[in-house]
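Both of the next two complexes hold chain A, though its partner changes from chain B to chain C.
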Partner chain A sequence: MSGDYWQIFLTFGFFIILTFVCGLYCMLVSRNIIRAIIGLELLIKAVTLLMILVGYVSGRTSVTQAMVITIIVIEVVVAVVAGGIALRSFRYNDNLDIRGLKRLKG
Partner chain B sequence: MLSLLILVPLIGIVILNLSARAPARRLAFWFALLIFISQILLAACRHPVLWNVEMKQIDTFFKVSLSMDQISFIMLLCIGIVSIASLLVARHTIYDEKELFKFVNLLIITSIGMNGIVLVKDIFTLYIFLEITALASFVLIALEKDRNAIEGSFKYLILSAIATIMLLTSIALLFMVSGSTSFEAIRQALNLANNNIILFAIGLFVCGLAIKGGLVPFHAWVPDAYSSAPAAVSVLLGGIVTKTVGIYTLIRLLIAVFGFDPSLKTILLALGALSIVFGALAAIGQNDMKRMLAYSSISQVGYIILGFGCGTFLGIAGAIFHIFNHSIFKSLLFVNSAAVETRLGTTDMNKMGGLSSKMPITGTTSVIGMLSAAGVPPLAGFWSKLMIIVALWQSGSKTYSFIAIMASVITLAYLLIMQRKVFFGKLSIENENIDEARIGISTASIMLAVIIIGSGVFFPLVFNKFIAPIQELIIR
Partner chain C sequence: MISHISINTLLLLVMLIAVLWTVMGRSLLKATIGLALTSAVVTILMFRLNSPLAAVFELSVCTGLITVVFVSTISLTKPLTNKEIVELSKERNKRFGYLPILLIVISIALTFIRIRNNIIIPPVTTPELDVRRVMWDMRQLDMLGQIIVVIIGALGVVILFEERRRDEW
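Let's look at the complex of A and B:
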């Protein structure tokens, strides 16, 4: 393993873990629906970065390129649907507090 | 031929939406009915001449490699039947024509996603179809913009997205190990290498699918999403969506890719037993009809996983047959709850009682569905439970087979509570003037009840035609 290769691997690994921890922290700590969605997006970004790294390591960058673009498209659709639900929830509750979503129990 | 199951509905939706005027909207319902009926006929007759038609030009254009085997036939059949039931219910529960048009479009997209899941042989394409199905279901749950439905949909969205992240991480790791995403290549690579990364990837994948399938430690979204969704969507979700997305995918991947590991078997058996007992006990305490059915769904999924966890032919065959039975009787019970909901305007069981005298068809069919769910011979549910319990006993997990039998008694108990509160007993004065459900809903419930009785009474025929061919997949 050459030094250059190892350095790219480490840099990518560091940022993947950083993004993942940020996303997880964001989802666990904040009580705002929009922030929860942003945390989710951060987590997906971390996985997308992992996909790029995997493509680099296994030497199949062209396949992973296609995969990463597909993941980005799907993730945008998820974000749009989540945003729509958040908007509707805001209209019912007049705030974006996630604690407003506890009508269903049992 | 296989790609047509995905392409025809897709092109149909595009054409219908080009001019979303009133005639096109009316046409959409019949188009969907036609698609699902032809899917059922194709899957039920299974003539090789039909399935092996080659379409060079379409196949070169649509470069997703698909394949078909015995389990896929059963799943395609279930998808067709449950979609028709859901469509018929929607016609009488969604009154606005524009809303019905939206529902039909989303239903077709969900069925495209599920057909894709059933047919793919590539792990990344599987992820795409999983997301298509999941996204259409989020929107379907929130279709009526009801306050509770928004909450249920949001919970499902967040948990499903976390499951997706787990699956994607696992896909990335498996891609790194094998250098390809097809099932066959990953299986060969896993046979050669065996290290902690692979174990981690498999664990993540199983956890992600357990969230999507609603197994017990990961079940929190199931009752909320099912009970808050519109009636027709509950039929679809409870009947087939979570079973295809979570349970079928798990079965397919373990058979075709990961293989049975003894430790994985232990985990599956424990998850299954936990789901059965927890789901059944939680269902006893419910006052809402749809919520009780949702917990019952968790419990029945436990049976499927328990049978599958044996790893023997009989266990897997029982699990597949129980998926079929569950999709039929659970959608029948949800159709009945939809019938009651349209007439009474509520799903609270304390406000019901004695409805059997006013709604004879709904009452009778719900008794059939309930007996099948509880495993009373000669209905179809009995045979699959019998297969699962015998398989557990044969493979040496006698404790688990004991748990399965005992939980069957609890199943009967909560379903009897539901019957007594809703259909038997004394009719209250407010409900004096209700009628039988509309013709479409009655047709759906009669159709499903006939399937339950038919596949139970003619079980040897069903076993030889549909279940026994699974054997060649497992012994490899």
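Let's look at the complex of A and C:
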């Protein structure tokens, strides 16, 4: 890998790791379901950017773009279904506390 | 090349600020807007990394659709009272106060880690293909999987967002 590409890889990798840590921390610490979903979105965003970066550095952007489009489609479905679960939990428990999910049955 | 790297660094810094605003902000609505801002910056970075099709998807789906879904979900839930907001913000500050410290520690650790420049990437033997050709000709199973996931997601939404009276539960 040439020096310029290596420099770009290191710079992006540094911020991607920080974004990943923020998302993970948000998921672990927050008790609000919507905030946990937002943390998951941040994790997916970090991984997406990493894949695009790897495609750019290795010169295979077409393959990584195809994969990233798949990830984005799955991401939106996950977000929508998780939002629906959050709404159901809210209607049942009257709050968005993630611990209330234990009470959902059937 | 230096200006190229510095613009990328500036955009990455904006992305990190948007991420921190998303995670540490008090209001859920502002967190959603912060997520949309993060997606918008990621879109610009994708354009700069020669991935325009993925960037368009990111902009339309992640910045647009997911924000709308989150705002709809938040609007369907009960708003908190002022007292609850104050209590929650105190609790949040206590729990999320560690995040900037954690990030600074990780940043320092990452800065001092010396990664050896020995990552081996196999040489590109075939010319770069068009992304549409890759998607439709080479990764047909992915497309099939996407269609199935979208159908399952649509069914899930119909079931989960279905309005029911409380006494039916």
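The working rule: the second predicted complex is superposed on the first by the 99 of 106 C-alpha atoms of A that agree within 3 Å, B and C clash if a C-alpha of one lies under 4 Å from a C-alpha of the other, contacts with A are read in each partner's own complex, and residues count from 1 in each chain.
Going forward, a residue touches a chain if its C-beta (ideal position, glycine included) is under 8 Å from a C-beta of that chain, and two chains touch if they have at least 3 such contacts.
This structure is a prediction, so every number in the text was calculated from the model and none was measured.
Asks: In the superposed arrangement, does chain B or chain C reach more residues of chain A?
Replies: C
Asks: Who does A:I85 touch here: chain B (first), chain C (second), both, or neither?
Replies: both
Asks: Which holds for A:I74: it touches chain B only (first), chain C only (second), both, or neither?
Replies: After superposition on chain A, A:I74 lies in contact with both partners, chain B and chain C.
Asks: Touching A:L101 in the superposition: chain B (first), chain C (second), both, neither?
Replies: The answer is first: A:L101 touches chain B but not chain C.
Asks: Looking at the overlay, does A:R60 come into contact with chain B only (first), chain C only (second), both, or neither?
Replies: A:R60 sits against chain B and chain C alike.
Asks: Just checking: does A:Q7 make contact with chain B only, chain C only, both, or neither of them? Give me first, second, both or neither.
Replies: In the superposed model, A:Q7 contacts chain C only, not chain B.
Asks: Starting from the residues of chain A touching chain B, keep only those that also touch chain C in the other complex, and list them.
Replies: Touching chain B and chain C on chain A: residues 57-58, 60, 63-64, 67, 70, 74, 77, 81, 84-86, 88, 92.
Asks: Which residues of chain C touch chain A in the complex?
Replies: 1, 5, 8-9, 12-13, 15-16, 19-20, 22-23, 28, 31-32, 35, 38-39, 42, 45-46, 49-51, 53-54, 57-58, 61-62, 65-66, 69-70, 72-74, 76-78, 95-96, 99, 102-103, 106-107, 110-111, 115, 117, 119, 121, 124, 128-131, 133-135, 138-139, 142, 145-146, 149-150, 152-153, 156-157, 159-161, 166, 169
Asks: What residues on chain A touch chain C, complex-wise?
Replies: Contact set of chain A toward chain C: 1, 4, 6-8, 10-12, 14-15, 17-19, 21-23, 25-26, 29-30, 32, 34-35, 37-39, 41-42, 45, 48-49, 52-53, 55-70, 72-77, 79-81, 83-88, 90-92, 94, 96.
Asks: Show me the residue ranges of chain A that touch chain B in the complex, using the header's touch definition.
Replies: Residues of chain A touching chain B: 33, 36, 40, 43-44, 47, 50-51, 54, 57-58, 60, 63-64, 67, 70-71, 74, 77-78, 81-82, 84-86, 88-89, 92, 101-104, 106.
Asks: In the complex of these two chains, what residues of chain B are touching chain A?
Replies: By the definition above, chain B touches chain A via 124, 128, 131, 135, 138-139, 142, 145, 147-148, 150-155, 157-158, 161-162, 164-165, 168-169, 172-173, 175-176, 179, 181, 223-224, 227-228, 285-286, 288, 291.
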